[in-house]
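Please find the structures below.
Look for chain A in each of the two complexes below; its partner is chain B in the first and chain C in the second.
For the complex of A and B:
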């Protein structure tokens, strides 16, 4: 009797573990039709070849640079490991994780997140961290990012966090139980809508413009990490009109880059040079560039990379890059066509008859 | 460290593995270390409080036990030299000395309990009197932190001391073992209030791995968590909303508060006790049952014999009985009988019953709500007793009624409604507000809120209400089907697959439907506060 009890107990524990694993997959948000930003981090693991340039940062990287243009026009292989409101420690651990998979020539870090010296919100943490594979980097990123109400356990077993979705589950949760569609093009989240930037508000005066010590600590760690791997760290500030980029912040970044011997590009200063027009090149009134803006910026940045980072090669004609990027470009073009059609239809609907 | 926390699960997992790995003679020491570690999580200062209670009670019991031994030895040695009267006088003198030691310890420990639990209540009332008298003076609140489980471990320890004083059993010689009895972690949070004679045997025994006991205990733990996380904590959300804005939620909402709170408290408290007993069972320790399907009681007196049983028996054995046979009460009894005749016989019973329920109310919490709640229970029990002849007369006229299922159902329903009505005093801010709210049931009933969707705006969705409803049904079904033998025992006997499958399904339900994680505070059990 006892033996039977133990045997059935073990058997049911195994069944239970399998059921919980399945439920975990079911309850995890899929980020396919809504908030696709949540799917970005995990998509990196589908890459089959390395990249010469890896962008790291928040929405200012995954919305503003088009890797397809970098490839088509300069032969630069690149990937954007960006996610919404990515905090600097999250960027650092993503950088560390990326270096486990590949050693790019250049890492481009967008410095907007220097303004956040402490964990911000659980929702953004989830968008940034859920997609990371379980690794020491993920655990460290979670530990550094958690707000007071969060627990490490819920990152290890996301069902403990998402169980409350039981009455919100949709067909999408079943459809994408074991696979996901690609929502980005090499980490770039395409948007073709046009909403001109009008009346961009001036930045409100701040009580303290000094970036937090912890941000500098992580920036130092990034620089050291890149140096130890023979990777050049390039700092950029993407050309978003809002959130406001203060002169005091700019001065700190310029000083830091100079002191560290890093290259720093403030793209807000090259808006005209890159041909960016905030009447046509933004989809949300200047916060982010749309596809047309991202392509223009990539065109400018590709030229800059070629000139200032000569170690970045032109990989056109080289296999497997040629094949991989041909396929990527095709997907990119198809997505562009589909989105443009959808946007045109939406415009038509909104136009008074 | 609450039961409903990851820390507790980790703590218990480690303790459980070590418990069966170490030499069995050291198991009780590990339990003591684990209990102190568990208690330390509630705050280091708590260890001082519980330490004082454990040490003083142990010392007092040792002293009382030694005095008893010396007395017995002396009497044995001098039996031939003393007549009956002398022996009686000697015994009485010895008892007096033992009582002084006992009393000193009782005063110290109940004193600690009174100070930490009731100081602010007393100060608040003094301030109320000062305000009523027009004085602007106010006493500052003490804001003392209540040590976790102070009421439970104090009562448990004092019960032990009184038993030793009464000579029921000799005192425990080992301070460590006695400290384990006081601090045994599964029952620290919300009881039960164990008796030394019941708990000590299995608590100090050496335990071999017993798969059946461990499986049964584990299943009971899962059931306890399910009750707590799925039903109790889900109902806590609308209840919080209903109680937080009493002026908005009147009439039928108050009725909802009564019944929802009854179900929530049952799920919460019995869930916690299931975890306590299940965890103990997994360690081979037999903890006294604290509930016996209380909502199937036919009257309030029976209800209190089946709800929080160990508290009821504690008050019965250490308050009610000693009070009933105390000199003062016996004197009162004689006087009342002489003056009032036959009805006078009841005066002492009334007095003791009301005192018992007053103390029970005070034990539950430092507020007038609990005192009135206790007294109301006493009143209802006394009125029921007094109405016995009327019931008998009624049943004499309708002889077939009493045994019928319908009448039994009526009795059970009546007791549930009555208990729920009295218990509503637990939830509202103060006594006048409670009565005002209950009054609105009769003045502004507004049943339309039942179907106009208002109940869907109380913090949980319609689907949540369904989960709570089916969870409650499941509890009811388990109570009904487990009348003679717990469900898990029945299932294991029939087919272990059924038991384990049911357990796995419960875990899945708990993980999905449980109220925990961000946005929920599911960690506290209601009875923690007592």
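For the complex of A and C:
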């Protein structure tokens, strides 16, 4: 009798746990047809081989560098662990987490997030953190990122946060209950649309141009973490024209890199050299590069990496990379063709008859 | 397919209890309140700061469609899509000042008004190039503890002055 009771109790616990797990899967936003940026962080876990270069940072990495070009033209294996408005402490913990899975030769960190010294918004936190696997790094990232209204518990049990989506659930929530489509190409989120940069506003005067102490603390931690793993940390500022990158910020980054002995590349200074044309190479008026711009920048950056980071190997002809990247390149080309067709159709629709 | 049906069945049962506390949608989104803030007097003795140009008054949180109706076409226009979320932050540049907006639903509301040269001034007569003493004479002691910045809040608007070597280099109306 007692045994039966225990068995029944355990059985109900298992059923309850399974039900909660399923509910969690159902209610979590899927980020497939809308806000694909929310799917980026989790896609990394599908990778089957390591990378020599890992990019970490905000939209200025996942929109501006094409890993496919780095592979095809230089044999550089790379991945972008980027997400929307990724804050520097989130970048640090992603870097720490990445080093649990692989040891790249170079980590490239985009420095735009140095401008944010405190948590910004729950909406972006969710895009950046929900996709991370449960780990000490995720818990630390959540703790560092939460705004006043957020709780750690809601990141551990997202159902607490998303249960009120019950009246917004769609067929997509069922379709992607147990799987997701790949929205990126090695972390690069492709966009082929063209919207020229015009009338980009100058930065407004600031009372204080000094980056926050906490940002420098995390930058120090990144440098130490990379050093302890034998990874070279390279700092970059992507060539986005907006938000404005102040001369005072640039000076701080140059000073920091020099003091730390790090390589720093401000891509705003190599726009012409890379052949970037903001009339044709941006999809949103200069905030982000489109595919054509990202390919040009990757072409320039691949040459820079080859020259300045000789530890990064040309892996062409080596297995398993050759096979893996052949498949990746095929997917990339298919996505490019599909997006270009969709954009051409949209253009045709918008053209007055 | 069977897995999905099982999931849906379990979901339907347990959702009722879990959703009892839910109000409307709380899915992360672009942010912002559902309705514009009231820029009229919201408590205290002072009304919110407003900016006047050519006899037209513009205030933070005004509907931008109404502002455009009175100010006319801007000198230049720039729009920036926020990363990931829908909605455009728009920048309208006029001679002497710049207005930025934030999207709320289908409408755009004034998010900031920044004076950019000395052809325009605040309602209290301070302009780019005024001395720090002019600011404190007009507005009193600053509420800001930030060096190089004087700021004053009235109603739902903060008026902020940035100074360099004791001279005003930027004036901006922002939501409080």
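One rule holds for everything that comes next: the second predicted complex is superposed on the first by the 342 of 353 C-alpha atoms of A that agree within 3 Å, B and C clash if a C-alpha of one lies under 4 Å from a C-alpha of the other, contacts with A are read in each partner's own complex, and residues count from 1 in each chain.
The definition used in the following text is that a contact is a pair of C-beta atoms (placed from the backbone, for glycine too) under 8 Å apart; a residue touches a chain by one contact, two chains touch by 3 or more.
If you're wondering where the values come from, they're calculated on a predicted model, not measured in any experiment.
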Which superposed partner A:285 touches (first chain B, second chain C, both, neither) = second
More residues of chain A are touched by which chain, chain B or chain C?
-> C
Please work out whether A:19 is in contact with chain B alone, chain C alone, both, or neither, and reply first, second, both or neither.
-> both
Go through the superposed model and pick first if A:161 touches only chain B, second if only chain C, both, or neither.
-> both
Based on the superposed arrangement, let me know which partner A:151 touches: chain B (first), chain C (second), both, or neither?
-> first
First (chain B), second (chain C), both or neither: which does A:9 touch?
-> first
Which of chain B and chain C A:134 touches, first, second, both or neither | neither
When the two structures are overlaid on chain A, which partner does A:259 contact: first (chain B), second (chain C), both, or neither?
-> neither
Find the residues of chain A that appear in the contact set with chain B and again in the contact set with chain C.
-> 19-20, 23, 122, 159, 161, 163-164, 166-167
Which bits of chain A are touching chain C when the two form their complex?
-> 18-20, 22-23, 25-26, 29, 35, 37-38, 58-59, 84-85, 121-124, 126-127, 159, 161-168, 174, 177-178, 198-201, 204-208, 242, 284-285, 287
Using the touch rule from the top, collect the residues of chain C that touch chain A in their complex.
-> 3-4, 6-8, 10-11, 13-15, 18-19, 21-31, 76-81, 83-85, 91, 93, 98, 114, 146-149, 162, 164, 169-170, 172
What does chain A use to touch chain B in their complex?
-> 1-2, 4-6, 8-9, 11-13, 15-16, 19-20, 23, 27, 122, 149-151, 153-154, 159-161, 163-164, 166-167
Contacts from chain B onto chain A in the complex sit at residues 6, 211-212, 215, 461, 463-464, 492, 496-497, 500-501, 503-504, 507-508, 511-514, 516-519
